[in-house]
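To start, the structure itself, in structure tokens.
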Amino acid sequence: MDAEEKTRAESGLFDWSRLSNYVAIVVLVISFSVSLWRVYRVQEVEQSDQVATIRVVHWQLEAGFREAFDDIARRFERVYLEETGQPVRVVQNAISERVYKQYVQTQGIGRSLPDLVQLGREEAGSVPRFFISNTEDVQKPNPYNRGTDLEDVPWMDTYMDGMVGSVDQADLEYYGAASSTLSIRMFYNRELLQAAFGLDEPPSNYRAFLDLCRRFGEWAQREGRADLMAVAASQFQASVFRSMRAATLLDLILENDRDFDGFFGGNDEVLLAYAAGDFDFYDERIRADQMTVANLTKYFSPGFMAMDRMEAQFRFTQGKALFCASGSWDAMSFNSQVDFPMGICDFPYPDSSDPEFGQYVRGRVSEANAPAVFRLAVSKFSEHPDIALRFLQFLTSRENNQRFNHLSRWPPVIKGAQSHPLMQPFVRKPEGFWSGDVHRVVGNGPATAAFSQANWELVEHKIDYDGFAQMMEDEMPRALAQEFERLLNTEWEERLAQEMALSHQLAGYAFGKTWGTDQPVPERVQSKMIYLWEMRMRRYRNSYRLLEWDKLLEEGAPKAREIQQHIKIDLKRKQS
Amino acid sequence: MAKYIGMRRLASYWRLYLFALPAAALVVVFSYFPAASAIYYAFFRWNGSYVKEFVGLYNFHQLLGWSPFLWLVMAVWVVLMMAVLVGRPLWLARGAPWGLVGLVGLVGIALFAAAETSTVLHMTAGQAWAWYSQALWATLIGVAVHQVFRKGWSQWLQGICILYGFLWFFYQSMMETGDQTLWSGFGVIFILVLANLVKMVPSIVTAVFIHRLKSDRWQYIYRVLFVVPMIVPAMVGLLVWKSFYDPMQGILNRILLGTGFLDVLVWVDGLLGWDVFHAGTNPSWLGDASLVIPSLIFWGFPWVGTVGVLIYLTGLASIDESVYEAADLDNASTLQKFFHIELPLILTQVRINLVLMIIGTLQTYGQILILLGDSGGPRGVALVPGLYMFRSAFVELYAGKACAIGLIVFFFILILTEINNRFVRVEK
Amino acid sequence: MLMRALPLVLCLSAATLLAQEPPAELLGRAWTEYGLQAFSNADGLFAQVAESERASQEERWQARMGRAFITHYQMPGRDPQAAISQYEALLQEVDERDLWRGQILGRLADCYMEIVPAQVDKARSLYEQALSALPDDSPLVQETMLRLLSSYLQRPDSEEIALGLQSAAEMAPRFVGTPFASVFHGMRAEMAFFIGDYSALADALDAQYRAGISNVRVKEVVLFRLARINEVALGHYDRAEAYYRLLASEVPSSQKAHFATLRADELKNGQLDSDYAPPLSTRVEDRMVKEKPDGR
């Protein structure tokens, strides 16, 4: 005891300083107890015998989404009680997208996945392991479409895309059902547009749009608002603009489309055509393809390629930018965050009268193949799989799909369901064409890396198009040599992977009748085998590629020879 | 000294080993096994899941090039260079300098002969000369100067010159025959290591300042002030710096604009022809290829690292007062006290930090991933080996190649650590 | 002591329980695990059946077949070379039982196609033997014929591919009305494409389409190819128009549907030159085995 403590002890005064030793532990005990009580209360509610609880997990944290989902959940609870007399509770839980995949994987391995789980971020091949297939159900009508023209239509055919996105490639069964679709548009600040130009809507014409952006910069300077920018952008927005760019490559695609399937880019045709000298990066059509985007990026926020998507969106919602591009999933978030009147418009496209690109542009990109999103599937560990399935059917009936998407401000996915007026601009436009990535051979290989670097410089206007073309021409021989090796290996391995899947179906075909309760349906096995064979037809192209390559070398094609110098393996070693 | 327990007595002392077993098991499972696994997969074409094909040295072939002649030359070059630098073995050290000059000369002749026709080298004789000449001149000058002057300083100069010559030749060889992305990444790492060497100084100076405060209370306050920022996660610090670098709203550009220093930079740019700073345009620190490396170097200003300061303070605290009193009696100035008392006595800590810094810099990628993305910024200018490894494994799905990169980085770290151990000696 | 014995007791109990499960159930579970790519689980279950005294001879064969499949197909670690010995050992036992013999010979042939370097001739001979062994009415006959045909696509050799086309012509009657007919024609189409016979290619693609294609993306590609080949390679503009319209109506979710409608209208109006359909590049055109276009 020190002198002070001794004095206190002798005087009989309480030694408050001793209490300070216990403060931390008291705080810890209280916090732990409160947490424990909270967890217990939640579990007590969920594990109640009287009420069946359907737990739903997803990663959609956008504004308005969870509220919309709760609305549908409450409606379902009422309807289910009326139909069956049994109470049910639907509880949702939103997990951050960054950790969602790990969450699903660990919960799946631990056999504690919630009843309904959003698919799209799981490990490849894990869907058949953790989820119940609903192939039989999707071929029957959705009971919640009773009284409508969809009453007798199979559930899958009530979808705009025929539910093709619900087929898992691992076992070719249907899993879950999607609730919305998506498209990408530009959001704009009506207030700024009015103030700067007296306009309510921006021009849809490409040149007029560029001029508007230029004049906006000048107006901002005059008003002393140097912090304003025409387009709030980041690397994400740049990729969005690129994906929605005008179709200027159609001629190039169709001219060099050796197998006539309409695809050029992301396959061997790029490699062979480049090696043959059929195109290079000085091609005017590729120039047009790149410059339709690069002309726009002049008006993007400076240094945008180094920026995060959220930073760009923040700029827009702070009223510092006239335009910002994003998807339908952000409409409600933007709407709730901005304090100015906001509009939504399509991307500007050059037309055939455009002085620079007119002769190459064919139109906009088609949105006919817009994907369906927010797909929920029933987990194998659900205690109430039937109720979970019913909820899915309820959510994807036309009436409820429309209601859900009205509330969440997402585009609906069921035929005949109407979008909310705010979302009308997001209605997909199938009238259009398609483009191709003429730098891409297989996935994100060296050629893609070379393109990313050169494209960065171009869109940031550090180099002009000739500089971009030169960078690509310098890198492509080495990059394409590696891409060729990669392509041959990938084809080989994809075929072997399909062979594995086919072997399972073959076994089912040959022995399935002897498998007891796991007997497969013979017709399903047969249709899967045919599906797999259809898919693998393109996986025999290695011999074609090597044939063509030999011809190019025999002809002495200079670029083919240059690429060949960088090839370090025997390309034919697996072809014998 | 620890007691030695032999195998025969293991039965008596098994409890001791049992206590150590869990920790050992964890180290084996979470440290050694992944490392061994990486070495194993470096010899495979592996996509991280279902593709696993044994390809022998193919990954290394891609990364390091494959010219046996070139590798033989470099091996001989290293042997001669080490003989000159270390002075052993004696029989080789005597003739090594001129042997080195001879070797470099022979290499030059072979290079010119092969340049136009080689399938390994894709260059003209002129390009080969531009590549090789620096190595030649550096080696010649270094050897010649020392042969003339024969002083301590000339020996240092010789060492630096021949080291530079070798590194230049090695780097160019790898860029020409190996994976350019990997080796340009090592070039960036080299720059960052040199910058980080300089960035060690503020921590040392700060520690000395704190140490020399007369008041114990104020020493304590400053120590606490330096510790408090440690609770801020490193990720938060990175994101804050990313916002600093924002061209429109970042603090850095606002300061430059507000102080008029940006105009100075524009003027200097005009003078020196950098073509980086332009009037009326805010510099894009992370979006401009020319500014990325300076931004990475400037990151963390004023470079006073908490951990470094605390480590040096610990070392300085062990210096006895009597040493300072003796120095005062000798009328030593502040700087003299620093260079003759404080610095030598904290050299152990400096050496540890140096090793950790080199290892950390060689392994670095998280900072660049957050600031610039997995492409390494514009033109991939900051695609350091660690980030390249990440990209290979998770973007391009070349996990086997990523493992091979990891092995190469490991060897670099090993060599540099060994050099550090041999040459950064602490005079006890 | 009890605690140490507990895991052992649990394992024995599980094993006993499992061992009492009927072999058919075990086989079903084994193949389900195989389908989920849980190969070690599947192998354990197959091993149990293979060694079970309750299992019939065919069940034991099936289990051994399953183990051979795992060796052959598992990824990573597939080893067709090692699987060969397993298949051959099984082949010795099955004697002349046709269905079994046919299947095993087919898998053996697959192994010879997949080892590096592939032994294509040996594989073909094994496929032929498999076809002879399989009952005529077995659907596996068509599947095996497809594998035999695919062997002609293995080597980058034009003559061999031409031989493949001949072989396909001989096989054609056996595919009529079978579920695999569309795939058969798809393979013919690939061969024709490889050697640049666009007339044969169009014929094969048309047959593929008419036989019925289940995969909507494959259907999209087939119809587009038919339209383009007929338009630019063969000059059959009315057929091209018809295929374009089929694409637009049967695959509305295709990005090419709008283009197909525009081009079909142009062809209908006799507008052969078009903003939407440039001529083929000379390189591709030079490779074509041309037919005379119908006069227009």
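Order as written gives the chain letters A, B and C; numbering starts at 1 within each chain.
The rule is simple: contacts are C-beta pairs under 8 Å (C-beta built on N, C-alpha and C of every residue); 3 or more make two chains touch, one makes a residue touch a chain.
Predicted model only: the values in this text are computed from it and were never measured.
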Contact pairs, highest-scoring chain pair: A-C
Most centrally placed chain - per-chain CA mean versus overall CA mean: A
Centroid-based (C-alpha) most distant chain relative to chain A: B
Gap in Å, rounded to a whole number, between the CA centres of chain B and chain A: 39
Mean-CA-position distance for chain C and chain A (Å): 30
Interchain centroid distance [CA atoms averaged], chain B/chain C, Å: 53
Where chain C touches two or more other chains at once, by residue number: 75
Where chain A touches two or more other chains at once, by residue number: 493, 497
Junction residues of chain B - those touching two or more other chains: 49-51
Residues of chain A defined as touching chain B within the complex: 124, 227, 229, 235, 301-308, 311, 315, 443-446, 449, 452-454, 456-457, 460, 462, 478, 482, 489, 493, 497, 565, 568-569
Contact set on chain B toward chain C in their complex: 46, 49-52
Chain A contact footprint on chain B (complex, rising order): 45, 47, 49-51, 53, 58, 61-62, 66, 119, 122, 180-181, 242, 245-249, 281-282, 284-289, 371-373, 375, 377-380, 391, 395-397
Complex contact set, residues of chain C against chain A: 22, 24-25, 27-29, 31-32, 34-37, 58-59, 62, 65-66, 69, 72-75, 78, 99, 103, 110, 114, 116-120, 139-140, 143, 146, 150, 153-158, 161, 179-180, 182-183, 186-187, 189-190, 193-194, 213-216, 218, 221, 224-225, 228-229, 232-233, 252-259, 275-281, 283-284
Sites on chain A touched by chain C in the complex: 125, 128-129, 160-162, 164, 171, 250-251, 254-262, 276, 278, 352, 362, 365-366, 368-369, 430-434, 493, 496-497, 499-500, 503-504, 506-511, 514-519, 526-527, 529-531, 533-535, 537, 540-547, 550, 572-576
